[in-house]
Structure formats: structure tokens, C-alpha cells
Amino acid sequence: MKKFSKIIALLLCLSMVAGFAACGGTEDPTQPATDAISDGNADDALTDGNAADDDDNADAAFDFSEVGQYTADNTEYFIGATGPLTGDTSSYGISVQQGAQLAVDEINAAGGLNGVLFKFDMKDDKSTAADASTGYDALYEAGMQISIGSVTSGSCESFASRADEDGVFFITPSASAASVIEASDYAFRVCFGDPDQGILAAEELSANFENIGAIYDNSDPYSTGIYDAFKAKMAELNVSYIEQSFDAENNRDFSTQIEALKDCDAIFLPIYYTEAGLIAKTCVSKGCDALLFGCDGLDGVAGQIDETVTNTIKYITPFDVNSEDELVVDFVAAYTDKYGVAPDQFAADGYDAIYAIYNAMLKAGVDNVTVAPEVLGDAVVAAITAEDFVLKGLTGEMTWDTTGACTKVPVIVTLGE
Amino acid sequence: MAKLKKIKISDYFCYIMVAAVMLVSFVVAQTGNLPRSYSNLLVQIAYSIILAVSLNLVVGFLGELSLGHAGFMCVGAYVGSYIAMQLAEVIDNKLIVLLLSMIIGGLLAAFFGFLVGLPALRLKGDYLAIVTLAFGEIVRTIFKNMSVFGKAMGLSTQAIKYDTRKDTSLYLVSFITVLVVLFFVQNLIRSKHGRAITAIRDNEIAAKAMGINVTFYKLFVFVIAAFFAGMAGVIYGHYTTPVLYSFFSYNYSIEILVMVVLGGMASINGSIIAAALITFVNFQLQSHLSGDQAALKYLIYALILIVLVIFNNAPKLAPIKDKFSPKTLLVKAKGHRHPGEIRSDTGDWRVIPSKIKMDEVLSVDLQQNTEFTPDKPQKGGK
Amino acid sequence: MSTIFDGLSLGAIYALIALGYTMVYGIAKMLNFAHGDIIMVGAYAILTTLAAGGHIGLALVVAVVTCVIFGIVIEKVAYKPLRGASPLAVLITAIGVSYFLQSIAQIIFGAKAQTVTVATFGTVSIGTAEISISSIITLIVGAVIMAGLTLFVKNTRTGRAMLAVSEDRGAAQLMGINVNRIIMITFAIGSALAACASIFYLMQIPSTEPTLGSMPGIKAFTAAVIGGIGSIPGAMIGGVLLGVIEKICLSIPVLAPYTTAVEFAMLILILLVRPIGLLGKKRREKV
């Protein structure tokens, strides 16, 4: 498999959100003791109204000595999360959980935040809203101070509505629906937003191909989110294409869809890698040699196909498991060593989310392990939206604005060309 | 049977139980010591009880297997919450909005209950079960594809959701709903209509011959059960956001069925206890088994389920259980009770004697003061 | 045209699973919700054998043996103690078994889907349509198994004993038939069928995960009911019909998102016209 997973990492000269501030140094997340922040423009560093004027008196603006209702007994900073750990979508939740746990272990091995360690716990939510809020309650009452939210969009919206009541900051690794970060001022994300990816894909495909097809999963918010944006953009560009859909809960056989798209040059797949692997294999048996083009959910597809697949697969992703980047190489080695499987996009996003929290807490100057979640929430929001806050993670260099969206540069990975 | 109307505590046990839980939690909440997770757990327990009791009407009392109860809840949750959000813009009072939407959501679910009841007139047993399952899946698929209800993203009910930090009253409303449902169901079952329903279960043809309107009662039970399930759905919509189609899969219908079967068919008290217990066990398992251990959750749940069901139902265990049941022990302590003694619960609505038991009762009456051994049915010899 | 062929090959898989379903239902009179998960067990047995370097034939044998052992053990532990109890109780333990198997699989193999390449066959053209050879094999094997089962039930001692048990368990016992043994054999055959189904499933959908069985399980249940539960040819017809309808729905863009709804609506319609399924046996009710 490895032999044909060659990479062309195109730096696309557009960033997902306008206003990418390219200033500031970057830091190596594997060395957590160093400061995440460059000496930027101290005066106008922070955009948030609550925020302090500069880093030096950040401590003064937030009273970290305030103890929360449930956090008085904390001896470690408690990062909580919910995600599907059982059921149909459990592989995604487990990946995030493992990636995040790896990051926490690394930070703790390096001494934690000023000597205070971190604790990470993920509750199972089976991708349902009700279980996500139950999980949230359990975490909050166990002393959760900060969070990486939920893995899937539907449950993360539920999580966000609870977190908003309490002022708990969270940065979700993978819940990409727009409604998630709209639901709370304390909601941030590591992944790209769904609409951005759809628009980008529409532009890419319409510029390079004549006959375009698309297959989306009508039961999945991620897939429909990207697809709706794609559809709108294609209509705007006045490009026609063939539309096919499936329902991942009920149909795993893609022969009909591929039959309909047999003559296409390119097929857009705004879906996850499990189904994409099956689609690639169906393409082989149907004799369809179209290029398969996907979004970040396709990352991990290399593990789902074998040498019989001859189609070229391209996907927009901020993370590439075969990257030469030192950070990624180390992460992949550590992850494979610990869990026995190669990491996917979800694991990398989980890892980055933890480091985003860590670095933001470092920047905010948090110094009390029993700090109340709402105080920490305000401080971290101020820190993470600061103009000079740049995280160099596995998924690229990231900055955040007050909407909670993440700005990072996507690359296009190509398999088997 | 000294008095014509004898008040028995066991008949009112369910009210007492539910009211006590409500009162205790209300007092604790007033002192500010009720953790939010518990007030939310109470809401979950409340809608589970409504679902279990209403499904028991269909499965336990009417005797038809239904695997689509979550479908009715789905209708209530989606439509009821949607209507509540529209109403919330006009009416300022949250409680009135909730009650109104509960009635409207319930009525719509009841309409679907009527639709599902129609095939129930023609189909029996497992064929009906698959039709109800099919209905649940159809409803889910349709809601999933309607853009009014947010498609795959689900219907965001943020606008009407109870902010559980500031306002914990949702569990109170839910428990009062439970009491109302219980009041209705208990009185229905004890009325002549209730006896007609159980008669249909025991022998449809005989019931027909007695002049019972089977068509009416079958539809009636389905409509009522769907109405309550729809109300539970509206509570669910106010409790969490978003209302997402994936929750209402046949797996959830089966979970409600598990509550009914574990609690005992045609036992309202049993349904209440089982619904509360299963919700609580799930809550505890979810809270305690996180991260790497989450996969154990279903393992433990499955084992509990298998062991409990086998313990409750295995015919071979019945004599052992009988020997150590509190009733037998009580009788032992009091001394031997004569089998011919007329007990106060004979002919009670809850004790529906099977054919064999009827034989026993009759033969005992005929030959008093003699050693009596009823004919044991041969294994599988029914 | 090729849509119909795709439907046929998908339907053949549903039919294979439905055969097992219908056997167990007809004789043990219980809805075995864990039947789909036996397919998952078979799929993982195949995966493990192939990963260890085994031949595909060996993998099939291993899958059949594993599934039969699982089937018998499950029957002994979870279902046999409940013989004579209400069918609902057995339904609930079947669900418990289903959860149990899924979580065991997740603990052992992980939740991530694993790709399995069973065998790659080419395609043949019939007219304008191209059909994969694997789907033709699936159809043929399905038909052969159906014929074999029908012959087995009609012509062998054990088969006739099965018929007797399904007709009247008490009477069969009085006639000297060991009911427990017959039910055990039924479960063994049902599980062996599930193992066969798993290999064809993997040919068509070459990936396995712990929840693989639940969807085909429900579809096969639907197929068995359409054909009339307990009827062997009925299961075959029901499965194929369901597969074809599913594929036709998917090929019409407007209907595609509603495929599940259409399938189940068709089921309801068929049952309303024929309340006992297409080939189900009518039973007169005694008063």
C-alpha cells in the first residue's frame, strides 16, 4: 500500500478564513515547557473585550484563585470530552480519545503546566445528543475545567448548549458543523468548517474536470454539511454534475451509485474513510477509473484499500500521516507504538486540541489547579483569540478568531497517481 | 371482601412511589443540593416511565408486540418541539408552551398510532412486530430528509430548551405528567374498557363472541399509547438539543421493550421500577466507564439483561424462586394456608388466571380439605 | 438493467441470511436478533484466517466451524433455559446476546473497520450490462443452498423431525423426537448458513466492523417476513425482492434518500395484502 501513497502537498494560496496573521513564531508541541507565544504586538494583541491589554498583566484580569463549585478537590487540570466509544461511529470517537490521551501523556511526561499535571476523560455518547449532555453533566460534576467537546456534530451541539450555560471553554477536534461553534461563545474547533471545504472542493473540481459526480451520505451531518455548500457553489459556478446519495446506516453496497457515475472523470466524496474505501473497491469491480476527491474525512482511506485499487484518490486535509514533518513523524511513531494502529485525522485533531488548550492555558498564565471553569473559560478564550497566538500542530499552523473557527492552510494529499 | 370498596395500598403504590421521588428531589433541590446530573437523570427517568407504561398498554395489556414505540416518540419530539418553538415566539410563559406543545405533539403521534393500529387489525404476533419496526424506521427516514427539521443535523431546540442551570423545573413538569399518565392508565385498566382490552389479549375470538368491539379497542390502545409516547418525545425535545433522528432507532424501541419485559407484562408498577432502574444503570455505566473502558458498558449491560431475564423467566428456576419468595415465606411464618381459602385478590384485575390456574381454582373449590396436587403441564405440552 | 443485477446480488446475500433466520424462527419459534451478529463473527473469523495466511477455502471452513460453535453455545446458555417461557423473554436475551457479541468484537478487534479481500473476480457482460462474477456465484450458491435445505427438510429423518417440531412441539416430543437436539441442530445449521452469508457479504462489501451484522440482520428479518416466516423458498424470494427494490430506489435520485422508507413501506403493503407473507402457511385458529 505504501508504495503508491505518494504525496503532493500543494499549498493552496487561500486560507480558509480571511485575515490569517502570518506573524509570530511557532512552537514545537512536543516540548511543552516553552512558551507558545511570540513577542507580538503586545498592545493590540487581544481582541476579546474581556481580555487583558497585554500578556504581563493577563493574570490580573482573571482571578485564577476563584474555586469552582466542583473543582475544589482537583489535583490535576481536568480536560473532559464525550464521543462515540461504542456503536456505529465508535472508531472516530476512539481515535480522538487515543490521540488526546497521547498528547496528555506527553505533556504530563514533560512536567505538565508549571508542574501541575493534566487529566483527560472521555465519556461515551453513542453520537446521541441526550447521552452527550448526560456525559457533560457527569464530567462537570467530577470537576471538569476545560474540554475538547464532542466528536460528532450532533452531540457536540448538545454539549455546547450545556457548556454555554456554565461558561466552559471547549475546542472540538472534529465537530465541523457550523451550528456547533455558533451555539456558544466558548466553542472553538480544530477542524475545518463544513461549508469551507465544500466550496473549496467545488472550485477545485469545476476548474479541472468536465464530468463530475458526487456521492454523499444523507444520514450524516458532516457529509450533508459539506455537500450542501458544494451544491450551492456548483450552482453559483453554473457547473452541472450527477448527484448520488446513500444512507450509511442502511446501505453499504455502492454498486448502484458507481454504476450511475461510471463515466465521470472525478467523483466528489464528502464522506468518511470507511465508506470511501468501499467506494474505491466498488470502482474497481465496476471498472470505473474516475478520480476520487474528498475532504478531511477521507484521511485514513489508505488503510481501507489495497493494491487492487487503481483510482487516484485526492483529499483536502490539514493532516497527512505520511508527511515528512518532524512533528508528524514523531506523533505517528508514538501513536503506532502505543495503540498498534496508524493514526487518522481524528487522532491528529484530538492531539492538536489538547495542545491548543495547553498552550492557551500557558499563555493565559493559569496558576491554580482548582480554578473555576468559567474563569478559565474567559481566560482561555482571551488567550486563544489573541492575534499572536499561533499553534504549530500536526494539522498545520492554526489561529483562531472569536467565532471559534480555526484558520489553517489545507493541503491536498494524493494517493496512487 | 368485607367492604365493597377496599382501598389497597398496592393499587396506589405507583402514585406513592412517583410522588415520593418527586417530593424528595424537590426538597433537595430547594436546599440547592440536587446536582444537575440528577435533575437531568430524573427527566430521563420520567420520560422513560411514560414510554414504558404506554408500551405496556400495547404489549402487556393488549398483547400485541410493538417494536416501533420510539417512532411515536420521534414524531412527538420533532413536531412538538417545532410547534413549541413557534409558540414560544407568541406566548411568553414557558410552562404553557410546554403543555400546549405536549398536547399537540401527543395528538400528532396519536394520529400515527391510529395509522399503525390499522394493520394491527389484520396482522398478528411477529408480523405485526415487524410492521411496527418498519413504521419506526420510515418515520425516522422521513424526518431525516425534511429540511424543516434540519435534515441530518437534527432540529435545534436551543430556543425552548430548559436551561438546567437556572431552571430545574423540567423534572417537576415531567413527573407531574407521569402522574397524570399513571392516573389515566390505572383507571383505564380497571374500567370495563380495561377488562375488554385484556379479554382481547387472552382470547380474541372469545372476546369477539362476547360482543367486545375488537376493532375499536385495538385502535384505541394504539392511539393512547402513541399519544403518551408523543408527549414523552416533547419532553425529550425540551430536555436536550438537537432532536436527532438517530436516537429514535429500533434499538431504542427495543430498550423500551426491555423495560416492559423486565418489569413484568401487564404490571404498571413493574414498568415504572424497570424504567427507572434501567435508566439509572445506563446512567451509572456511562458515568463510570469512560475512555478505554467504554466498550465494557454494553458487555455489562448485556450480561445484566441476559441474567435478569433468565432468572425472571426460566421455567426451571420457578420452583426455586417460589420457595424463597417473600410471599411463600410469609405464608410459612403464618402457618399453612389452605389452598381453598378465598383470597382477597381472587378475581382481581391484575391476576388473570391462565387456563391451568383456573382448573386449579375450580378443583380446589370442589374438594376442600383434601390433599391437592394440580396437574402439572408436561414440558412444552401447551 | 445492471441495477437489477446489482439488486439480485445484494438480494442473494439478504436471502442467504434470511434462510438462517427463517429456519430458526420456523423451528424454535423465536426471533433471533443475534443472527446478524453471527455473520459478524463469521466475518472476523475469515479476517483472522486470511491475515494468518490461510487460504480462502480454509477461511470458509474456519468461519463455519466458529459460527456453529457460537450458535450452539448461545443456544445452550441463553435460549435453552427459557424454553417454555414467553417468546418475549427469549427476544430480550437474543438482544442481550447481540450486544454481547458486538462489544466482545470491539474489545478484541477494535472499533475501526478492517478491510478484507476475500477474492477478486472479474465481470462478464450480458447484453449491455456488466455483472460481477461474484454476484453470479452468490446467486447460484443461494439457490443451491435453498434447494438443499428444502430437500433436507423433506427427505431426511432429522429434517422431518424439524418439521414436526415446528408444527407442534408437544406432539413431536410425544412421538419420541428429542426436541432439544432438533433445536440445537437448527441453530447449528442457521449459524453455518450465516457463515456462508458472511463470506459472500465480504465479497460484495469487503470490510468488517463490530456492528456489521445489525443492518443485514434487520434486512434479512424483513426479507424473511416478506416471504413468510418459516418458509424456505419464501426467504429466498423475499431477500431477492428486497435487494432489487433497494437498488432500484437508490438509482432514482429523488427516491434515494428515502430508500429505507420505501423498502419498509413495501413490506407493510405486502403484509396488508397477504398478512402471512408471500409464501407463508395459513393457520386456522382454533376456538
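Which chain is which? They are A, B and C, in the order written, and residues in each are numbered from 1.
Criterion: a contact is a pair of C-beta atoms (placed from the backbone, for glycine too) under 8 Å apart; a residue touches a chain by one contact, two chains touch by 3 or more.
None of these values were measured; they are calculated from a predicted model.
Asker: Does A-C or B-C have more contacting C-beta pairs?
Answerer: By number of C-beta pairs in contact, B-C is the larger.
Asker: Using mean Cα positions as chain centres, tell me which chain lies farthest from subunit B.
Answerer: A
Asker: I'd like the Å distance between the centres of subunit A and subunit C, where a centre is the mean of that chain's Cα atoms.
Answerer: 39
Asker: Averaging only over C-alpha atoms, locate the centres of subunit B and subunit C and give their separation in whole Å.
Answerer: Taking the mean C-alpha position of each chain, the two centres sit 31 Å apart.
Asker: Scan subunit A for residues touching two or more other chains and write them down.
Answerer: 85-86, 90, 218, 247, 249
Asker: What are the residues of subunit C that contact at least two other chains?
Answerer: Residues 102-103, 106, 111, 257, 259-260.
Asker: When you check subunit B against every other chain, which residues touch at least two of them?
Answerer: 141, 144-145, 295, 297-298
Asker: Show me the residue ranges of subunit B that touch subunit A in the complex, using the header's touch definition.
Answerer: Within the complex, subunit B contacts subunit A at residues 35-37, 40-41, 44, 141, 144-145, 151-154, 156, 158, 161, 163-166, 236, 239-247, 249, 283, 286-287, 289-292, 294-295, 297-298.
Asker: Please name which positions on subunit C make contact with subunit B in the complex.
Answerer: Interface residues on the subunit C side: 25, 31, 78, 81-86, 88-89, 91-93, 95-100, 102-104, 106-107, 111, 169-170, 173, 179, 218, 221-222, 225, 229, 257-261, 264-265, 267-268, 271-272, 275-277, 285, 287.
Asker: What part of subunit B is in contact with subunit C in the complex they form?
Answerer: 59, 65, 119, 122-124, 126-127, 129-131, 133-135, 137-138, 141-142, 144-145, 205-206, 250, 254, 257-258, 261-262, 265, 295-299, 301-303, 305-306, 309-310, 312-317, 378-382
Asker: Which of the residues in subunit A come into contact with subunit B in the complex?
Answerer: Going by the criterion above, the answer is residues 85-86, 90, 97, 101, 120-124, 127-131, 133-135, 137-138, 140-141, 153-154, 157-158, 161-162, 165-166, 177, 179, 183, 218-221, 223-225, 247, 249.
Asker: How about subunit A: which of its residues touch subunit C in the complex?
Answerer: 85-88, 90-91, 93-95, 218, 243-247, 249-253, 255-257, 259-260, 274, 277-278, 281, 284-287, 303-306, 308, 341
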